[in-house]
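Common to both upcoming complexes is chain A, partnered first by chain B, then by chain C.
This part shows the complex of A and B:
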């Protein structure tokens, strides 16, 4: 599944999970790439990462490494998209 | 992992039945061991704090995983409250059915897997409440509190041993990554109940990916409906207490649904009476202005159905109780919903039409917790519909066996009697 997942589709999947974690009902296309993970709109902290990673693995049909977030700082939507993209490329 | 699961099951079998003195001993022993080892627990916690800071976590998150004397005092009170609740447990009910004496015997649920992404004090809660009802517990905490949990594990084990309970009744799962967690969630043969405490993704995953029954401590997208018959000052007091006493709690208030005609006076009362900094999101057309403590921002469509997880309150106009109920049905999470009204018929309609774990009438949403409601200590607030809804207290962590004392009665003789 991931082999055929293009960049835009991957971003949509990540945004859907981030929106669900923030209990927001909005179109993922309307979520900006530079939207802060923990700001006026999204409310995502590392406390929610376990559930989100499991969800991403399920939706993408992949296994993400446990250290995916090690050594990275996550402040925006795009930070998460890039981290996941680096693992599914 | 297989070994841990087998060990946990054998502990459920070996443990004394609920109500045994060993569980009271455990409350005392755990408190004493926590006090004795507190310095080393705080040192280990400092490692976690350092690591999470290095990852750039905000201070609110750092505070959330901090173990301080405040937590120790709270855990001390919890062990005392649990001991008190154990002493108040009602004896197994007995009734007679013809020649039969039927007793409902309390049994532990079995092996409980608790998954949490929260404060390390939850590790102690998870080790205490299920265990005193005879359950074995697997605790899967977040990596953010790994060092603290490693320090807590021997403390809990020692307390179990000293109180005469099997020392492996509690396992703090170290090195349990997501793949191991996935495997655990398929082990319905070895795990009896899941108790997830975390974000929506985690709870949703447990509900959909596992066939093991879930007692879910879901988030609270909670509302307060303010009818125009209510005093605006009372609405403001209830709303502010419901939010500011603990802005990130699951029973905190997110949105006030206010009768349109009363909205200006309610907004005014909130701005005037707020004693702490907060944000009020309200439609711009009402022209509400803030002050030094209250920041007023425009309400956006996406704000409905949100958990703000900070000191933000939304204030939305509604045409009446019917629209408020409709919005709660659409956006609420079935956790805590409240109404403030002087008109009893409005209260009646609200309580009949709104379905949530707890409905509060003319009071703070923060009243929704086990101890406050006189239900004893709780490990979570459940938004599920089976086994338990609302505060998950000690008895919710048990099931029953029916003991039929028949005195030689045969079914055939009963059937004969009925003929």
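This part shows the complex of A and C:
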């Protein structure tokens, strides 16, 4: 169903979930792609990140790959979009 | 003939409450990472009830499951029980305990995620042995930090782990900062140091991950195979029980035997059986601890979780039941305790080993000292009832008790029992209060 999401729409979904996780009320369009996950604006902890990934799986109807965690650090909003994009395409 | 369950069963959708969120460790400010295979993350957080056991894990389970369940009439008679006691026995696999049920699952998921080596900390050695065996089966390297005092007492645990291909280090070790920071005059909490060492060691190596045997929600899920199987076996015997007893280290054993019967009762709209957790009187988190946010390891790299705890810095008195010497109870069980869904009783090691002694002479199986705590609690319940939090608990139909492991590598402890040299050291109220004074309470 959501498999037809284009990249822009996908980024919006990811940003919505990230903003909710950081308890921020702002327009996803105003969130920059290179915004740090753990910086002045967003406050995504490793713990919150796990819950967020599960939420993204639910919302997008996808399963993220098991090896998503091996030796990989997510630093910006775009890192998350890229990880999810591979599964939606 | 009962069958091996094909699915694990989660209690989360039947709780009637949600678990307090974990509190993240101090951030390094450098992005975030996922430190678990995704399926373990899902199993911890999702409300899904049934989870297919992957075929490669089932294939391993089939080598030792279904495990035996029987009506222990000779034991019941010997202790003067008023109701039948049914025993589920998890000691009959190469690792000697229930820990193998989750070790296999974890090794499978980590392997699938591309990990090449698993690292862990172990107290009693059962978890280390289980992980070593599971890693051998699934082609992973395995490194184990074992509490030094426990290894000295049970050197053959070490031999078994090495036979299974694991690399073994005594903890505290000089290999990690956590180990080096432990000073002789302030020994601290030995199991949480061993776990802290394993976390630190894994963090510094590529392809290497830290695996934990108990406490996390996914390990309790994997242990549900025990309770699900037991329900099926009780059904085949046409047996009724209104109480389930298990010993608690961090809680996966107890969760495994007790939560499937709880979930079945909720699903069918029946009153749940009494769930009685038997803890060691050296670590009385459920009966004398506080419900607070505490660390799961001594390195403090993991999150803080809401748990019943005697404090992660609490210097736990010595005992032969190293597997129960953990400062806190799993957040899942703790939340259930907080909501009145779990009763608890503390058992001293003299009582525990005496019950185990009676058991080997009547039923022909030598239980691990940890499992002796469950047998002592089951006997107490079946004879006089148990008092907990101002309530008297009795059973009128029957008791199901899990004997989580065998005691064939704990003969030193049984030697002391025979020599009349077993003593119980009960922690001082003041020390527990001190060790928990600064912990934050869940809202």
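In this section, the second predicted complex is superposed on the first by the 87 of 89 C-alpha atoms of A that agree within 3 Å, B and C clash if a C-alpha of one lies under 4 Å from a C-alpha of the other, contacts with A are read in each partner's own complex, and residues count from 1 in each chain.
In this text, a residue touches a chain if its C-beta (ideal position, glycine included) is under 8 Å from a C-beta of that chain, and two chains touch if they have at least 3 such contacts.
If you're wondering where the values come from, they're calculated on a predicted model, not measured in any experiment.
After alignment on the shared chain A, the placement of chain B and chain C results in a clash. When both complexes are overlaid on chain A, the residue A:23 reaches chain B alone and has no touch with chain C. Of the two partner chains placed around the shared chain by superposition, neither chain B nor chain C is touched by A:82. Judged by the touch definition given at the top, the superposed model places A:37 against chain C, while chain B stays out of reach.
Applying the stated contact rule after C-alpha superposition, one finds that A:51 touches each of chain B and chain C.
Stretch 290-298 of chain C is the one among 128-136, 290-298 or 416-424 that clashes with chain B after the shared chain A is superposed. Overlap of the chain B and chain C interfaces on chain A: residues 38, 45-51, 53-54, 57, 63-64, 66, 69, 73-75. Across the complex, chain A is touched by residues 52, 55-58, 61, 64, 115, 117-118, 142, 144, 177-179, 181-182, 198-205, 209, 219, 221, 302, 305-310, 333 of chain B.
Interface residues of chain C facing chain A in the complex, by the touch rule stated above, are 21-25, 27, 29-39, 41-42, 44-46, 109, 112-115, 206-207, 303.
If you check the complex, the residues on chain A that touch chain B are 17, 20-26, 38, 41, 43, 45-55, 57-58, 63-64, 66, 69, 73-75. Listed in rising order, the residues of chain A touching chain C in the complex are 36-39, 44-51, 53-54, 57, 63-76, 79.
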